[in-house]
Every structure is written in C-alpha cells, then in structure tokens.
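Chain nomenclature is as follows: A, B, C and D, assigned in order of appearance, with residue numbering initiated at 1 for each chain independently.
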Amino acid sequence: MLVLIPLLPFAGFVINAFVGRRLSKTVSGGLACLVMVAAFLVAAITGWTVISGGHAIEQTLFTWLPSGDLQIPFALRVDPLATVMILVVTGIGALIHVYSIGYMHEETDGEYARYFSYLNLFASFMLVLVLGANFPVMFIGWEGVGLCSYLLIGFWFRKKPAADAGKKAFVVNRIGDFGFILGMLLLFASFHTLDFQGVALAAAARAPETATFGLMTAATLLLFLGATGKSAQIPLYVWLPDAMEGPTPVSALIHAATMVTAGVYMIARNAVLFSHAPTTLAVVAGIGVATALMAGTIGLVQNDIKRVLAYSTVSQLGYMFLAMGMGAYAAGIFHLYTHAFFKALLFLGSGAVIHALAGEQDLRNMGGLKKALPVTYWTFLTGAIAIAGVPPLSGFFSKDEILFRTFTGTAVNGWNGRPLLWLIGIVTSLLTATYMFRLVFMAFHGERRHDAPAAPVRPEEEEPGAPVPPLPGPVYSDLPAVDRTHGATHASHAHEGAHLHDAPPSMAIPLIVLAIGSIVAGFIGVPHAIWGSNRIETFLDPSFEVSREAAATEPGAPLVDVPPAAEPHEDTGRELTLMAVSTGIAFAGIGIAMYFWLRNRAASDRMARRFAALHRLLLNKYYVDEIYDAAVVQPIRLLSTSGLWKGVDVGIIDGAVNGVGLSVGAGSRGLRRAQTGSVRTYAASLFLGVVLILGWYLWR
Amino acid sequence: MTPITPYHYLVLSAALFMLGVIGVMTRRNIIIIFMSIELMLNAVNINLAAFSQQLHNAVGQVFAIFVVAVAAAEAAIGLGIILAFYRNKETLNIDEMNILRW
Amino acid sequence: MDVIAFYIFAAIAVVASVLVVGQKNPMHSVMLLITSFGALAGLYVLLDAPFTAVTQIIIYAGAIMVLFLFVVMLLNVPREEPAPPAVSALLGPTGIRIGVILSLLLGAEIVWALSRIGLGWFPQDPAAASVSSVALIGASLFTRHAFAFEATSVLILVAMIGAVVLARREH
Amino acid sequence: MPPGFSSSDFYYLMPELVITAGALLVLALDVLLPRAWERVLSWVTVAVILGAGLALVPSAGQNLTIARDLVAIDGFATFFKVLFLVAAALTVLMSPRYLTLENVHPGEYYFLVLCATLGMMFMAGGVDLITLFIGLETMAVSFYVLTGIIRPNKRSNEAAIKYFVLGAFSLGLLLYGMSILYGLTGSTHLRVIATSLVAGDGGLLLPFAVMLLVAGIGFKIAAVPFHMWAPDVYEGAPTPITAFLSVGSKAASFAMLLRIFVAGLPAFRADGLGTAWGQPFGWGAFFYVLAVVTMTVGNLAALTQGNIKRLLAYSSIAHAGYILIGIVAGSTRGVSAALVYLMIYAFMQLGAFAVVVMLRRKDIIGDELKDLTGLYATHPGAAIAMLVFMLSLGGIPPTAGFMGKFWVFGAAIDAGYVWLAVIGVLNSAVSLYYYIRIVVFMWISEEEEKSAAFGISPAVATVLAVTLAMTVLLGIYPRLLFDFAQASAASLGSVPSLGLR
C-alpha cells in the first residue's frame, strides 16, 4: 500500500520517458496528472489511517543492505510528520502538474513528455525521501530529487544561463551531499544502525552533548551541511535564485514547495538526535535567522519577479530552520506546510504573469495588470497577504508560532539570545510584507511601464583558446548555444500589450485551489491563546520523540527526556501581545510598500538614491558571488596563470562555485599536460612511484 | 680474497637492473629499450640463481627457467608489435608515438 | 679461482651492458647483449646451475637474440633518430635527465638497502642436497611445478599466434 | 597421468581445461569454416564460456589446494572466476559488429580473449608466485596482441607498443621483487612465505621487494603514479578490448594483489617499525597513500576529458582507488567490500563501454563526447541505460554503484580510516560531475540534423540488458552478492596446508 505512493508517479515517469514522444500532449500530460492525483488519493487514505489510528504505518519491502548483524531494510514509514509531507507533495504536486499542462503547451510533443517525465520522477523521488524509514532510503530520494532539480533547471539547456544555473545547483548540492553522506557514515559507524527510530533510540540513550563537542554534534553538523545545500541556507544558498532559470511550475514545485524543504524535513525527522546536540541546534537557529534576514533584504530591491520570490523562499526557509534550531519542530513543519500553499500560489501566479507577458520577468516592465488578469491578481494578492502574515490567513499562524516559540523557549547552551533572534525574525517579517507588496503594487497596480534598461548583452564568452588539447569546459559549456527561451516561443503569439489574456482554465483552477488553501490551511494550527486547539502540533509531536513502542523493545535504553516544549498555556497574555505585534508589523510592511511603490513612487527612487550604497549592496546581493569570486577564484586564477599552466587560458567564470570548478579544472588540465604521450614520461612516472615509496620508507 | 656470497650477486644484479632501467628511460629506439628490459629480466635471473645456490633449493632455478620462457614469449610478441608499428609509421623512435595523449 | 672467475664474468657482463645501453647502433647493441648473456651463463656455472647456464646460451643468446638481430636487420634502422620537436617540457633532454636522476636515486636507495644487511644473512638449509643436478630440476619442473609448466605452454601458444597475427601482412 | 596431478585435480581444473580446449576449438574452426560462417565463432566462444561456468559448479564451497599446492580452489578464486567469465562473455557479445567494422579477423581475436580469461583464472587461483606470474603473463601477452589487433590503425599500434613496453618494464620490477622475496624465504609459495616471514625480516630488502611488488601490480590495476599507460591504451585499443581490459585485467590484478599481500605478506601489513601519519607502517600505509592519490588524480583528470574512452579510463583509475580503500581497511569486511565493488564495477563499466561500442559506425569512431549527441532521441533505451551506468559509476542510490561505495567507505570507517572515507566521499562527489556531463550530451536533441539512425545488434542489446539489469538489481537487492563476497573474502588466506615445502 505504502509503496504505491512513490510507485504511481514512477510509473508515469517510465511511460512518459519511454513512449512519451509518440504520445500526444493531452495523453502524456493527462497521464502525468492522473498518476499524481491517484498518488494523492492513496496518500490521503494513508494519512487518514495515521490520523485516526494515531500510530505509524511501516512497510518493509526487503532487506536491502544485508551483512551479518547489520541489516538495512528497504523500508517505508508513515508517521504524523511524513503524513503532512506526503499530503503536501502529492496534493500541491498534482495541482502543479495540472498547471503545467497549460504552461508548457508551447513545447513540442517530445519536450512536453520529457518535462512531465522529469516532473513525475521528481515526485516519485520526493516521496521516497519523505517515506524512507532510514537514512539510505532517504538518501535515494535525496539524490534523486537533486538530479531531477538539476535536469529541470537546465530544461532549456540551450539557454546559457539555464545551463550555468543547472551546473551551479549541481555543484553546490554535491557539497551538501558530501556532508550528508559523511554524517550518515559517521552515525552508521557509531550507532550501527541507520533506521531513524534506531538512531533516535541510540541518541536518547546518551547524554545530550551540552558543553562537549562529541559524536552527535559532529554528525548533526554534517547532516546540517547537507540540509543547507538542499534547502538553500547560508553559505550554500547561492544556487536557488539562479535556479529560477527553469520553467516556473518547476520553481513552484521543487524550488519553493517541496524539494527545498527536504533539509528542514530531515532535521525534523531526526529531532531526537538534533535535540541531543544543542550546539548544532544553536548553529541551525543562527544560520536560519541570518539567512532569513539577508535574503529578505535582498528581496527588497530585486527587479526580476521570480528572483524576488526566490529570495523570499530562502528567507522563509530561514524561518523554518530557526524553528528547528529552537527545538520547535512542529512549528517549523507547520510553517513548511502553509508555506507550500502560498509560495506555490505565488510562483504559479508569477508564472501566469510571465505567460501573459510573453516571457517578461522584469517588474519594471509590468504594472496595471490588475484589470487584464483578474484571476491572477486576486489569487496572487491572497498569497501575498498570507505570506505577509495578516490574520487569519495561513501564514500568520505558522509564522507567529515560530516567533512565539523563539521568544519563549529555554536558553540554548546557556546563551539566551532568544530575544535577539526574535527581533531579527520580526524585522524579517516586516521586510517580507514590504517586498511582497512592493511586488504586488509594481506588477498589478499603476500603469504598464517599460522602464527597465535594456539588459546589457554579455559578450559571447569564448572557449579558452587552448593550444593542442581540446578543452571542453565544464558540464554544458561546449554545447551548441541556441537561444530558445520560453519567452521567445511565446513571442510568436504576439500577445503584446493590447490583449493580455488571463490564465487558461488549467492554470486558473490550481491558482484558485491554492488560494483557498492559503486562506484556510492555517486553521489546523490555531494556537490555544485564541481559543484554537493547535491540532497540528498535538498531531505532529509524537514524531519528534522516541517512539514508545520502539523504546519498549529496548529495555536497556534509559529514556532521556527530550527537552520539553514550552507549555503553550502558560502565558496566554504574552502570546497575545506578540501576536498583536506581528500583526502590526505585517500591516506596517504593507503600509511601507504602499507608500513607496503605490502612492509615491518617486519616494522610493529618492530612498534608493539617498542610500545609494546600501541599495547597490542589496541589488548586488551583498556581492556574495563577487566575494566568493575574489576570495576563491581570483587567487586560484592568479596561481594558475602565473606559472605552472601558463599556456592554458582560463575561462571567465563567475561565482564561488564556479571557482571551485575552476581550481579543479586547472588541476585537471595540469594533470592532462603531464600525460605527454611519451612512453618515457610514463615509465618515469612509474619509476617515480617506486623511488618515492622506497625513499619514504628509508627516510623514516 | 673474500669468498663470493649472494651479496656479490645481489650487487651485480642490481647493477644490471639499474642499467636496464636507465636504458628504458633514456633511449629512443624501441628495440634498444626492449633490450634494456631483457637486461632487467636477466638481473632477476641472477638473483634467482644466486639464492637457489645459497638456499640449496631448486625452486629458484625453476623460477629462472620460467622467466626465460616468459622472456621468449615477450620477445616474440614485442618484436611482432614493433614490426606492425614500423609498417604503419616507418619509425622506431619512441618519441614519435604521440597520437595518443592528453 | 671462483672469485677471480666471478669478477671477470661480472666485469664482462657489466661493461657489455653499459655499452648496450650506450650504443648508437642497434646492431652493435644486440651483439654486446649476447656477450653479456654469455658472461652471465658463466656466472650460472659458478652458481652451480649448469642447466640454467645452458638455457641461457641456447634460448637467450641463441633464440631470442637472433630474433632481435633478425628484426634489426629486417627494419634496417641502424641509427638512433633525432628527437622530434618537443611539445612539452617533459619530453626532450629534460625528460631524459629526469629519467637518469630517478634511476640514480633508485640505485642509491638499493645501495643503502644492501649496505644495511650482512653478507651471511640469507637463510640456509644445510639438510637439503646440492641442487646442481639437472635431474633434480627436471623432476621439480615435471612434478612439483607441472601445473605452471603446462600453463606456460598456453603462454607460448598465445605468443606464437599473437606474433603471427601481428606480423602477418594484409591481404 | 602426469606425476604432478591427481584425478581430482582435473575435476577442479575443469573450467580452465574447458577454456583451453575451447580456445583451440575456436582456432581450429576459424581455419575449417568458410568465411561466411565467421559469425558462428562468437557464439561458439560464448558457449565455451558458459561451459566453463558450468564446470565451475563443483568448485563452489570448496576450500582446498590442487596441482601440488600450486592452485587454490576456494571461494575467493571462484568469486573471481565468475567475474572473469561474465566479463569475457559480455566482451565477446559486444564484439562481432565492431570486428566487422574494423576488419579484424575474428578467429584469433576470440582465441586471445579466451586465453586472456585463462590467464586471469590462473591469477585468481594461484597461491604460488610462479603460477601467479605465469597467469599474469598469459593475460598480459594476450592483451598486448588484442590491443594492437587492428593492424592498419595507428592508434591501435601505438597503444599496443605503449602497453607492451611499459608492461614489460613493470614485469621486470615485479619479478625483481619476487626474486628477492624468494631469497628471503626460500620459497615461492605464498603460505610458506606468510609463515616464514616475520616483520622486520631481511632488513631493508623486504620493504624493497614489497615496494617492487606494489609497483608491478599497481601498474596492472592502474594505480597512480603507475597509471599513465591506461588512458592511452584504453583510447587506442578496440573498444570491447578496452572494456575487457578495464574490468577483467583490473579484477585479476586485484585478485593477485589480494592473494600476495593479504594471504602472503600479512606480516608486512604493518611492520611494527613505527608509524606514518598515525598509521602503522607497511603495505597498509603504501596502499593508503596510493588510494588517496589514485582517486584524486583519476577524478581530476577525468573532469576535462572530451574523449569517452579516455574519460572512462580515468574513471576506472579512480575506481581502482576506491577499491584500494577496501584493501587498506584490511578486515574481512574490507576485503569483501572490495570484492563487491569489483563485481558491481564490472557490470556498470562493461555496460558503459557497450554503449560506446554501439556508437561505432561506418565513418564515426564514436568515442568523442559529441558523438553521444542526440542519443536519447534516436535510442532512448540505450540512453537510459547509459544514464543508469553513469549514476551508478557516480555512486547514486539506488543503483549498484552506491552499494559498492557505501560498503567500501563503511568498511573504512569501521576499521578506523575515517579520513580515507572522507576523501573517498569527496572524490565521488567530484566524479559525478563528469558522469553527468556524458548524460547531458545524450539528452541534447539535434532537430536540425538528425544523426543517421544506426541499429543496435541483438548481441549488444543483450549486453546492455544484462548489465543494466544487474546494475539495478545489485543496487536494489545486493544480498546474494554480499553473502558471496563475504564467504569468498573469508576463504582468503585460509587455504589448508598439504605440508609441502
């Protein structure tokens, strides 16, 4: 039963991948949606069983990694935490599949099928990630979604930025995976199990590493490195904004609602382990809140509609990590869940705008779309209100819960920085409301504009004029560069200005459904302070403790209690105050946006001029790419050009990640130069090995 | 005069071995390189025969005979390869073998 | 007597080998190599290994070196050719110098290794009989090492077929 | 009956005998059959290999030595023989069309493939230095000829010469090491060597000999810095031979390495004379360094390659590094991890090369990355198979490659070599980059000029199907392989004595 959930999308992938080119768009798209809906139904039934039964369902398919006493089964498990996730993945996934039918209709049959096969494959892997009962099974999904994300970002691989973005995402995620695998191996070596429950039990049997830097701290830090890669946190967040080069529904599904939350999910999944490593939790909280603030400020000045949303995603993910770091796992997952609704909605809405404007993504070239695109406008507005945190929409409840928990929890490692974290959170909340409504006002209100300076055409980057050996650059650079943007295909329809059309039904319906979701999704988590019952928290909490049945089977293991979550009933008064503050902040943010970008646009320009340095700093994303470039790329380039590889022209590459690629590439080329083709060189190398090893031995 | 011990033979064989290695490393003519390799194999045989005598153990000589057999097989194949190469490129210069590189 | 014979044969072998490596003309190298092998055969006799000595003369100096001679004459390239233009610093004289340095380094290491062990270190088995008899070696080859012997026949067959495959002219 | 043998010897030597007889049969058929019947030869060869596989059945579960203590029939040998036979059969299956295109005479080709397999089997079974080295030479000489078998092709010639000269050079080093080992112990039998050698014996001569053995075998497994022949030879050799070389020859050399070092020189794993970087000094430390350098150099050099065969050559160098990790770990678990890795590697590597073989067309050599362009459009099945092989080589679950890496790194961590595992993980992270590059090329569709469609011969399709199935199957259900490898690793070094000296 459980296995059906990932298997259904996988079947869709197989059919679309192998025979998709021969199917018409209706069939291949319809099939892809159908399997997702079916998966959603199965997930719903499963979820209902979990909710009503109150305990986890487990299905072991077979023993996967057997070796003596170490058995790792291929097992799937649904507990409350996983229930929430599978519902989000299949539900929102199905909606986005439906949306894609309309959005991608310009593609050729083959490309269309390819797109849907990737999308189905992604859903399948994401479900494996969520359902896996142990680390290796989760890792299958973890790697799989990364692969799909990479394929989908580079879907229009003839577009150079898309290809570069795919490459960047790939490399950054490999750094994260490196941490994940090492963390996993470390746990395996010390706990001799990789089952999540087993790890939780083993961790619970140890004393929390409060002041010491021990095994669990090391393992959790490594796992967290993996999470920062997948969930775009400092310092590995740089790939996500670039990932917006992919098709918009992909941004909605993978880079907003599901895949990027995998890091959060993974931490929540190992809540007991992380709770026993307070140092890591402090790091998680710090990174989370720093990322939230930084991405929020960058989002304030970006002009590309999708990039604003991308930074907003990074920022909201920061909130979730803040919750994880505070030990408020349920609150974090609650936010993950509501965020999936409104962020998917916002992305799909922006997709509808881009679709209507024939590929235009620059906010400065928008405006006044309210009348032409009513459905898009109203749904988008709903999403914006939800993310801004205006009650009673969903974003308010989840965000408020995180901020409340941040403010009230116990001290971390003896350091009580909670008020500070809360303050930063509140500031970020203000920023969120501001940049979201800036976006709404710039895109939908006022008059249609064409302000954007023409994008400077980047000179065609030439292949390094290498001497003898052909030096294909990294992954994509030696592909034929054919410009075929989404916009270009739309432009042929000449939607220019006169008759903008609103989203077609296949796109409108998902928008409306998601808008409704964004409004009501929060009601399952209404806090006690305002006469709610916070059902989601009571539902999720068992997932974050050592399961009683599992503990019972291991009599020797003393139960060390997880630090108790703060009692929600205690300070109703304080909670209400905080709630009022954050509501006020949300309205303040909207007000600021209204002042600068609706009433008085000149003021915003004045502000930009007055704080020109700050504005430039934000516009250039804190120069992080440039800093990485200066710190990593340039020294290496200097080294590599100065002497050793003088003849090798080094390509012009931007960004830190590419810097790593560059240094590695230079090393690679150096090694190739050593491969002279001369037998004598080879014999010398062989002999060098002999002399060195013997010399080493004798020297000792 | 000190009697001859395996030590002397070891020194001799090491000398021949080094000469062979130097030949491989410095010469351009494939046939001479090949002869240098034969020199290395003979150094091995000296070792084996010397040890065999020292240990009163026939295995060393048997080993040496196998080495000779293998050397013969290698010579046949090696010269065949050299011949085939020469037919294509009209050279025995090992430095001109450089289609395959980088 | 033995001592003098050893030094004479060893000197011949080493000098001839130096000349093999140092010769410009491959033909001379072949001749010198045969000389060196002859000297080695003498050493085998000193080492109580008459059968190995005979093998050395018949197979090595006789068969294998004649094959070399044959190829050298067939291809008729008497002189070492000049180096082609170097495409990399690792080719050309630098490369050769590196090779020589490496070889000398290994030589130094071997000398060091040898200097650390005593002359009489090697284990001895006084109970065993002398191994000089051809019969003993024959018995060893055909009983104890019969498997390896048979396996060698496959090797020789491969070499034969391989040589035919490689040297055959296209038709 | 020859005095060296008994009848049970023949019983257990049946696989070798079948292969020898089969090789002669192929040679005879080649002369007797008319030209038009050439295609039959490949099927005869496959049948011979299958027959040898059947003849291997009695060896299962045995643990004894035969032929006067020269050959072991144990789980270890059986494991490798299975691997060689599988590799040989798949190599033969991917050859026929390639041979026709290259105008190579098939009779000698199949004969030599069988003889190379025979040599490998000697290497897996040999417990005596002489047997091992005769096996090694049988294999090597066959490969020298096979590499250069496309006589009119300059690349093939050059590859053969390079392989031969360097191979003979490394043989010289190996034999010199073996001769010293003999001098120190008075025997060529590994068990006698193991029992009579104590750490510290022979002063500096023992490490000298060990180092020469490391170099000689390191050459065959293409470990850095003894690896430089590999890219050139892999590129120049006929593609099916490249596949066989990178799988069979490498596995056989690893078998020999394990035999010599684990079964023959356990005392020198750590010689008790001190430590280097916290590790006891000995061949364990040598291989530690080799593993690190091999992985790193192999992966780095592969990054900028444009030729698929060269790229796979560097990748295969890197994989030798991963396998060495298992050997450094040294425990039964480490050795069994190395065996598992070798088997998995065989399937994925052969599969990848089968795709390259498929790309060889009339006027297209098909070994450049660009030749892969549009493969997904023309041959989606082959492209998806290649995708799986690449993911597997890169170590992505749930493919078999992940299993292999997981077990090797796990064994290393278990044995306390945490940093080695870290470097390994880092390397496999880097390696995925160039594997994905291959995939990217396949997925580009060229609408303008549709690359001329070319057929896949049923034989190559079979190879792809088998390797793909095994790559997936061993990733999802590796239990049988693990058990097999574990039993095989346990049998290494536990060969019962016959009291011979």
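The rule we apply is simple: contacts are C-beta pairs under 8 Å (C-beta built on N, C-alpha and C of every residue); 3 or more make two chains touch, one makes a residue touch a chain.
Keep in mind that what you see is a predicted model, and the values were worked out from it rather than measured.
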Labels of chains that are neighbours to chain B and to chain D: A, C
Chain pair showing more contacts of the two, C-D and A-D: A-D
Chain with minimal offset from the mean of all protein Cα atoms: D
Mean-CA-position distance for chain D and chain C (Å): 29
Interchain centroid distance [CA atoms averaged], chain A/chain D, Å: 41
Centroid distance [mean C-alpha coordinates] between chain C and chain A, Å: 66
Computed distance of Cα centres, chain B from chain A, in Å: 62
Shared-contact residues (touching 2 or more other chains) in chain C: 87, 91, 96, 99, 102-103, 106, 109-110, 112-114, 117, 122-123, 125, 144-145, 148, 152, 155, 158-159, 162, 164-166
Junction residues of chain B, two or more chains touched: 6, 20-21, 24-26, 33-34, 50-51, 54-55, 57, 59, 62, 66, 70, 73-74, 77, 80-82, 84, 94-95, 97-101
For chain A, residues that touch 2 or more chains besides their own: 468, 672-681, 683-684, 687-688, 690, 694, 698
Chain contact topology (line, ring, star, complete or other): complete
Chain D-facing residues of chain C, complex: 109-110, 112-114, 116-117, 121-123, 125, 142-148, 151-152, 154-155, 157-159, 161-162, 164-166, 168, 170
In the complex with chain D, residue positions of chain B that touch it: 6, 17, 20, 24, 30, 33-34, 37, 40-41, 43-44, 47-48, 50-51, 54-55, 57, 59-60, 62-63, 66-67, 70, 73-74, 77-78, 80-82, 84-85, 87-89, 94, 97, 99-101
Chain B-facing residues of chain D, complex: 129-130, 133-134, 137, 141, 144-145, 148, 151-152, 154-155, 157-162, 164-165, 168-169, 171-173, 175-176, 178-180, 182-183, 186-188, 231-233, 235-236
List of chain D residues in touch with chain C within their complex: 2-5, 20, 27, 67-68, 70-71, 105, 108, 111-112, 115, 118-119, 122, 128, 130-131, 134-135, 137-138, 141-142, 144-145, 148-149, 151-152, 160, 183-186, 202-205, 207-208, 500
Touch list for chain D against partner chain A, complex: 161-162, 165-166, 169-170, 173, 204, 207-208, 211-212, 214-215, 218-219, 224-229, 231-232, 273-274, 276, 281, 286, 289, 297, 300-306, 333, 369-370, 377, 380-381, 384, 391, 396-398, 403, 406-407, 409-410, 413-414, 418, 421-422, 425-426, 429-430, 432-433, 436-437, 440-441, 443-445, 476-479, 482-483, 486
